[in-house]
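Note that subunit A is present in both complexes that follow, paired respectively with subunit B and with subunit C.
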Partner chain A sequence: MTQNLLEVQGLKTEFKRGDGSITAVAGVDFVIKKGEVLGLVGESGCGKSVTSLSIMRLLKDTPGRISGGSVRFEGTDLTKVSDKEMRQIRGNEMAMIFQEPMTSLNPVLKIGLQLMEPIMLHLGYGRKKAREHAIHMLRLVGIPRAEELVDEYPHQLSGGMRQRVMIAMAMSCHPKLLIADEPTTALDVTIQAQILDLMKHLKEEQDMGMLLITHDLGVVAELCDRVVVMYAGRVVEEASVHELFARPQHPYTKGLIQSVPKLRQNVRRLDSIKGNVPDLSQMPAGCKFAPRCDFVMERCLSQEPELLPIEGLERKSRCWFTQQENTEGGERL
Partner chain B sequence: MGRYALQRLLGVIPLLFIVSVLVFLFIHLIPGDPARLIAGKDATLEEIHGIQEQLGLNLPLWKQYINYMGDLLSGNLGNSIRSGIPVTDMLESRIMPTLWLTFLSMAWALVIGLLIGVISAVYRNKWPDHLGTLTAISGMSIPGFWLGLVLIQIFSVELGWFPTGGVDSWKSYILPSITLGMGIMSMLARYSRSSMLETLREDYIRTGRAKGLREYVVISRHALRNSLIQVVTVAGLQFGFLLGGSVMVETVFSIPGLGRLLVDSILFRDYTVIQALLLLFSTQFILINLIVDLLYGVLNPKIRFSQ
Partner chain C sequence: MSDNSAVMGTNSPIPGEVIAPEKTKGRAGVFIRKFSKQKMPLLAAFFVILLFLIAIFGPFLTPYNPDEPNYDALMQGPSGAHWAGTDEYGRDILSRLIDGTRLTLAVSLSSVLIAGVLGTILGLVSGYYGGWLDRIIMRGSDVLFSFPDLLLAIGIVAILGPGLSNVVIAVAVFGTPSFARIIRSVTLSAKETLFVEAARSMGAKNRRIIWRHIFPETVPSIIVNLSMKIGGAILAAASLSFLGMGAKPTEPDWGAMLSMGRDYLSIAPHIVYFPGLAIFLTVLAFNLVGDGLRDALDPKMKN
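Take a look at the complex of A and B:
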């Protein structure tokens, strides 16, 4: 049995709001195996980013805190380690890239210095060696004239270039896990494809696990091995990429896949999921997706379904309807 | 950077010209005739005319301005109406105490103000922040003349640590500098707190933490320099206002500086001295703004390169 790289169990993150608190992540479970790319998919506000920040323990300066569950990274529970131990993992064995390449680099420091920081910190290199390594990393992410670029400032680069720099920075200490929070959302479509190719290439070369957070199913299909679909701070479906696109189980996943525009189909109107993500402070009692669901049953409104494995398949779904369908006529899949 | 600095420097020249014209016009707008003042109450009309002619006051305004600027550029600011002493000599003997006072005040206000601001921001809503806020609000609310008198009472009269006034040794500057710097220190503490809080919310701060950097490094290397960009503006403006404050502090601590000279000259309508002081103060203000602009360039590469 291969050891799991990351095991997230019952992760719960709450945010203080006024007197009370709201739960942004309500008991999330998933596993990333060594060298695997797991996609974390869902609409804005479903808790994807908060999940990733919780794993990295980067909730400082937000009113949020982890209130339950565990995050095991190679067996170590990250929710229990000291700040110092966490700092030794961050940027080293576990690195992160963010959605906004335009603002994720410090405008007043040279690119080279920002790249050298984690290298000197985690690999213990001296200035000269760290600089060489930084230039090497920039070349690796396909940046031309890397020697000059290390002495330039972030505002002299385009968004795509900055995201490459961010990737180079994250990869510089050969992390075992890379968390990418919407790495291509802020970029032009052509640049998106380049960055995805780069990430795919680097991932294969370095044999690292990846948690890819996105709302773009195209990105998922391109890069991921397995997918976790989140809705309202919960995992609603988990499946391999092929299974998910071929036979989505949860009505929410079906809705997501249907709302992707398709070429060569004469569509007048894009399909969309009616309604909005519920406000975190006013959650429906039963299934959180029930108010927007086309298959809603009476049971859905009062009782929340569990995330259960589907018999005979390596996948899970949190839905009364599919669970009922599968037990009554399992062959209908 | 060189080009940027040169541009800023050249930009100062027209400003200085405009300021000199305005100061000159203001002085001439003040009612009252210097010639009458010099001649005394019992002077005859002929005597007054004589003095006017001697001082060039009968010439058209633009000619007077050119004469004045010509003298100014050759280092002659005229003589004091009150004492007849050359104005340049008066300024020379008075400028050092004021320079010491303002620089010492600014120096401690900058260091302590920034320190309080940064600590307040980092420990937001915890006791160091509350203490910092209390200090800053008190510092802003206490009137300078009162603070000066209280300091004299405690540290000079009761404890005898520092002299009550004068400029005999470095010790004489301690209490006046505390008095003069207090308001600016408080202002800087508030500004650097809010600007630091804003900077700490930036994405690159999160990037710094995601690299595994220590919080101390994140703040000192990534946050401080970015928040300084805003603080420098306020510090520059405050520096200009220090001159106004020095008038009061020099009076309370009986320091023979430019501030006291200005008050005395205004009381006696010593036009030549007032005019020279106004020019000096406004030039100083412009130069400080120039320094602020240059500091922007040093702190922010975007400004440096976009020129």
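Take a look at the complex of A and C:
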């Protein structure tokens, strides 16, 4: 048995558009070890969410489809299992929390019923036992008066409470992997901190792996062990969270970190990365980041760099400039 | 914002701001309040209730035996003894109208219910699964749509033979496609909601998602469409009976009464007036109730 919980290799996801197709995820590789929190960072539209939906195989209702690569979950390739097997994995071994807690609960069903469904489905509990388990889960995520809450409707709860309910639902069958797609984006800052604390606490208690998708570097610093930075459907950098913040290698990562406003620094204008993520149907030929990069060289415009490990360090970067700097023994970025 | 309001709701010191549990339980209460604000639909609703009572207690209300001829009182106009006059066999028209209420409601309700159930199932399946199943169902309903309603019903009755039960089938068949379309469109938007995706991410089966999460979303549309369709079904059934393809002439069906009375229009117009008026008022009432339901069930239409 490997110690790797999830191995994503060369994952490619395409969307049909008109007669052609566009590639939203173009060969993504990463690994999540048991009990590890991996952060997946990048701007809007870089393929973070599509990656997570591909892992869960929830692309069915979209024109999207996995066109290559493999997703190994504890050794089994999820791109090859049947729909029925996948349903048994979803919610049971692998669960997901969505960005919008306000709309991810059905407004016309009582909270208890919605919590009980996956419990009855995956753990085979009867109604009464499932209800008890649901109440137990609600207590676990720090919801007061859980016994009463199971008989209430979602609109009676605040956003933070609803996200707690979603976490309780996702955790109810003790998944080995939790995919959290921007779990705190829709919440206000004080609630964000509470939810992050809760997730950290639960993760340690249940010893599960987690894929945290976010564009908030603060959340990454708070929760993650390792970080994968995505740009235009590709992984551009991978590093441990300390390394990443201390010495970002890829110019894109550098730009991301610089664009976070810092306390104690009196700035007039916030730094930002100029330009936008290129349109998926009109990708530049070489490095996809080249048009926005401050360190662009001639080679960058014609040839796409590969994601290569950096010598002597437990990390990878997809950049000609850093690779050149490192081989020449020059100063790092 | 909603964070705020919920916090306010539970801890607010202002008594009026508290979200009381009683208030949230009252979905039905809100509906009744919204519905009863509308005068015409409310009036129509009372008329519909009256019709149902007449249908149930009909035999106790008829002043005369509706089937017994009275050759001493042929084609009499409205009078104290016969409020709506008598027909060409001297039968009391009011008694026949009262007796026919049951027939009219039974035919229209059962055909609309059949159309509703079939259309809902087809619409849910078509909208949720999409693909070739969707294409087959929708093209099939397009074919049915391309016939003028009544012509299609006449065609079906012509194949199955005359009789009220075949009228029910015919009216159900041409009512199904519009149901299927409406439910399909609601399904299409409902399946895109995040809670459906969340349910799927928890490993729920398709059938369960349809039943638990999507079907409840379609219920308001089903109710409104049912009530709107009843009027049309009454008209269609009456038309078929008028054309001699539905009720037998001896049955006290409103459409058949119209048909029989037609021959005496110049000498005894009251024989067609009263059944015609009954059909007109009933169809109008059901349509008004439908309008009222639509407005009361639509969350976008506040006030």
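Please note the rule applied: the second predicted complex is superposed on the first by the 327 of 333 C-alpha atoms of A that agree within 3 Å, B and C clash if a C-alpha of one lies under 4 Å from a C-alpha of the other, contacts with A are read in each partner's own complex, and residues count from 1 in each chain.
Quick note on the criterion: a residue touches a chain if its C-beta (ideal position, glycine included) is under 8 Å from a C-beta of that chain, and two chains touch if they have at least 3 such contacts.
Given the structure is predicted, the values throughout are model-derived calculations rather than measurements.
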Notebook entry, point to check: For the overlay on subunit A, clash or fit between subunit B and subunit C?
Noted result: clash
Check: Who contacts more of subunit A, subunit B or subunit C?
Finding: C
Next item on the list: Go through the superposed model and pick first if A:Gly91 touches only subunit B, second if only subunit C, both, or neither.
Entry: both
Margin query: For A:Val241 in the superposed arrangement: first (subunit B), second (subunit C), both or neither?
Written below: neither
Note to self: Quick check for you: in the superposed arrangement, does A:Ser158 touch first (subunit B), second (subunit C), both or neither?
What the structure shows: second
Margin query: Between subunit B and subunit C, whom does A:Val41 touch in the aligned arrangement: first, second, both, or neither?
Written below: neither
Note to self: Per the contact definition in the header, classify A:Ala168: touching subunit B only (first), subunit C only (second), both, or neither.
What the structure shows: neither
Margin query: Applying the document's definition of touch, where does A:Asp188 land relative to subunit B and subunit C: first, second, both, or neither?
Written below: second
Checklist line | Overlap of subunit C and subunit B interfaces on subunit A (superposed complexes) | finding: 56, 58, 61, 87-92, 95-96, 98, 100, 103-109, 117-118, 121-122, 153, 155-156, 166, 169
Notebook entry, point to check: In their shared complex, at which residues does subunit A touch subunit B?
Noted result: 56, 58, 60-61, 87-92, 95-96, 98, 100, 103-109, 117-118, 121-122, 153, 155-156, 166, 169
Item checked: Interfacial residue positions of subunit A with respect to subunit C in the complex -> 56, 58, 61, 87-92, 95-96, 98, 100, 102-109, 117-118, 121-122, 152-153, 155-161, 166, 169-170, 187-188, 191
Next item on the list: Give every residue of subunit C touching subunit A within the complex, in rising order.
Entry: 2-7, 9, 19, 21, 24, 130, 191-195, 197-205, 208, 212-213, 216-217
Check: Across the complex, what residues on subunit B touch subunit A?
Finding: 200-214, 221-222, 225-226, 229, 299-302, 305
